[in-house]
Every structure is written in structure tokens, then in C-alpha cells.
Amino acid sequence: MTTELDRLAVRLREFARARDWDQFHTPKNLAMALAGEVGELVAEFQWLTPAQADDLDPETLARVRAELGDVLLYLVRLADTVGVDLSEAANAKLDENERRYDPASYRGSTRKAPPLTS
Amino acid sequence: MTTELDRLAVRLREFARARDWDQFHTPKNLAMALAGEVGELVAEFQWLTPAQADDLDPETLARVRAELGDVLLYLVRLADTVGVDLSEAANAKLDENERRYDPASYRGSTRKAPPLTS
Amino acid sequence: MTTELDRLAVRLREFARARDWDQFHTPKNLAMALAGEVGELVAEFQWLTPAQADDLDPETLARVRAELGDVLLYLVRLADTVGVDLSEAANAKLDENERRYDPASYRGSTRKAPPLTS
Amino acid sequence: MTTELDRLAVRLREFARARDWDQFHTPKNLAMALAGEVGELVAEFQWLTPAQADDLDPETLARVRAELGDVLLYLVRLADTVGVDLSEAANAKLDENERRYDPASYRGSTRKAPPLTS
């Protein structure tokens, strides 16, 4: 079955090939580009109060949406370049986290709260 | 149709709810967590030569796979929290880039090569 | 006059030379390493409430101190590698910001508050 | 003795106070802003070949210089906000690394080469 992430990976391959940009899309360069895009996404939230961030105004939401899209594009392209199935990798990591952080022990305390993943 | 990204978003909602971690999963905190995970991913590539990065050894590939999975988990969770359809956002951005960087003008020159997205 | 940042740059040059690590300390690699260290620093703050972040407990403060030190080390090393005087660059940027954001116009409103620098 | 980093910290305190921006300059927000600026810095290098990055053209160098300045400004401001002496933190970390990575054992091999700091 072809999934939405597979389709994005194929679109990005064709996008790069049509422009002869495969030469730039090395794993190191794509990892850097991903860091740059995440920086732009974080910057959208940096001066917002928690309340503003929970209820984004339409202009900010539009920019956040575009930045989220950019991050996914580079993430898919990087995963494709190194041959990783992104969806499988995420589900495997979440399986692991479900075992690792059992709900009874990690319930709601700030002190205990670990990262979602680590 | 429920897609793989929808399913991941649902799994993450249940994961957070079972642990009472919604209180930590604010947009600002998730954006920070995403930046942290991307930092770990970039760190995997930082000292590799371009040749090593193009052909990762099995141990490095396993770590990169896990980090790619982590990045997707936080990205999906953040998009879900602010109400953005990640797949639509990425495809819309790629549509825009296909119009913006026409293949004839942007073909292969390092000097001209713009970001994949900007 | 030799300043503290100059002295750090010299210590780092000698550190790299003694280990034959100049080959790894390219500008691209150092930029990646800086992104990785900043990711670790951000991760220290990600799940803290604003109140916790304003008054760090001793263990967290010790980790934050170490991460701040790491970030400065890579920043100094990168600036040295590309031949930039970091202190001059920062003061020049702050001069520019003082002109750009005049206190009367940018006073205290969240809506107007721009980045410290942009 | 007042050092260049102390002077920058004082300038930034006055800059924020004159604009009533202390309310925005919380540790969490400053950590996010730092991540955003580092993203901009990394983006300057992402599509360059190693040779281009080692010998930046004047326009790129000017942008890199400005971004390096921005990163130092936020780093100094964050350290000041949490009460860390940045210069002491960096020198302490480098002392530790000098002990940890003894030159004889870590000499020049890509396989062994650890991060400058970890």
C-alpha cells in the first residue's frame, strides 16, 4: 500500500531530480536544512504567552502551518535519503515508550515527567 | 480515510492522556522538544565525512532511525495540538515550491540553488 | 588586549591540534555541533513550568551551566574557523537593534514585541 | 574585572529594560530564541560545499557574522537570566574535556573522534 509519506517521498525525489538538486540533498545537508526549518518553527512560538500559543491567531497559525509543512518535507527527504521508513520508525519508538513509561508510575507528576521519547 | 499520520496522532493523544501528560504537551513545550530531538539527529551526522553519511554503518543507522522516529512523533504531536493537518501542509508547501522554482531556471547550479523550501 | 573570548579561541585551537581534530572542525561540522548542543540546552527547559525555569533547582542548574558552556565553546570555535570576531559581531548587532527598536515605539506590548534581534 | 561578556550582559539588560521586554525574556523563551538563531546560522551553511564553507564569499560571510552575533547575544542573555557565568562555564567544560580526551588515545581517527564536548 502506498501511504501519504511514501507519496511525499516520491514527489520530493522528482522535485529534486527535475532541478538536478540531488547533489545538494546529501544526508548532512538535509539534516542541517531540517535544523534550520525547526528553528523557524520554534521562532514562531518564542515570544508568545502560553495562552497565545494555545490559541494561535489566524496569521500566526498560517505561518506555523507552513513551517510544519517545511519540517515534514525535509524530514521525509532525509529519511528517504538514508533509507529509513519514517512511519515504522515512529511507531517502533512509540511502542518502546509505551513499555518504558508505564502509566501507573509516570502519572502526571512534573518531577517524574520524562520526555515523550528520549 | 484514516492515514498513517492520523493514526500516529491518535496514538500520541492516548499515550499522553493515559499518563496525564497533556499538561506538559503545550505548543511551546512541544516546539522545544522538537528542537531537542532534531539536535540529537543532527549530532549523529556532525563528525561524519560526506562519504560516511551517504553509507551509514549499521549502528549509526539504527540510532538515526530512532531519532527520525522521535522527530516525527513530536512533529505529529505539535501539529495535532495546534490543529494543523501535517500532510496537507507539506503538500501545499511543495505545490508552492514547484511553482516558485521552475526547473529551467534553477537547474543544478550551486550558486542559484535555493533551499528546497523557504 | 587579549580578551576572554580570544583566550577561549586559542585554547580550542590547541585542543584540536593536540588531537589532530582540525580535520573534523570544518565550518559545516561545527555549525551542526552547535545545533546539537543548543538542542541539549533547550531540552533542559522543555518540560519545566515558567516558574520552575525562573528558579532552577541545583541539579538542573548544573546541567544548564554545562550546556551553556558547551554552546559557547562551539560558537567560539566556529567563529574562529570562519575568521569572525564574535564580540565585535554581537556589539554591532546590538547597536543596530538599539537604532531599529526605539524604546518609545516598542515599549512592552506583546503584539508589537519583535525579537531581540532579527 | 569587567570582561567583554559582562559588558554585553549589562548592555542587554538595559536594552530589555528600556523597552519593558523583561517580561518576554524568560529562560524558556530565550532558549527558544537561541534555537531559532542557531537555525538561521546553520541555514547559511546548509547548501555550501565543504570548500565553499571553508572560504566564504563576502556576502555570505557578512550574513554569517551577523548570525554569530545574534547567537552570542541570546546566549549571553539566557546565561544572565539564569545566573550562570558563561566564561567560567566554558572554561570548566574545556578543562573537563582536556582530561577526558587524552591526546594519545583520541588522536585523529575518525572512528574514535568524539565530539569536542559531550
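All chains are identified by letter, namely A, B, C and D, in their written order; residue positions are counted from 1 within each chain.
Here is the rule we go by: a contact is a pair of C-beta atoms (placed from the backbone, for glycine too) under 8 Å apart; a residue touches a chain by one contact, two chains touch by 3 or more.
Computed from a predicted structure; not experimentally measured.
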Taking contacts as defined above, which has more of them, B-D or A-B? A-B
Quick check: how many Å separate the C-alpha centres of chain B and chain D? 24
Could you give the separation in Å between the centres of chain A and chain B, each centre being the mean of its C-alpha atoms? 2
Shared-interface residues of chain D (touching two or more other chains) are 24, 28, 31-33, 35-39, 42-43, 45-48, 50, 110, 113, 115
Does the chain-touch network form a line, ring, star, complete graph or other? complete
Residues of chain A touching chain B in the complex: 3-5, 8, 11-12, 15-16, 18-21, 23-28, 31-39, 41-42, 44-45, 48, 50, 53-54, 56, 61, 64-66, 68-79, 82-84, 86-87, 89-94, 97-98, 101, 103, 106-108, 110, 113, 115-117
Listed in rising order, the residues of chain D that touch chain B in the complex are 28, 31-32, 35, 43, 46-50, 52, 110, 113, 115
For chain C, which residues are in contact with chain B within the complex? 24, 29, 32-33, 35-40, 42-43, 45-47
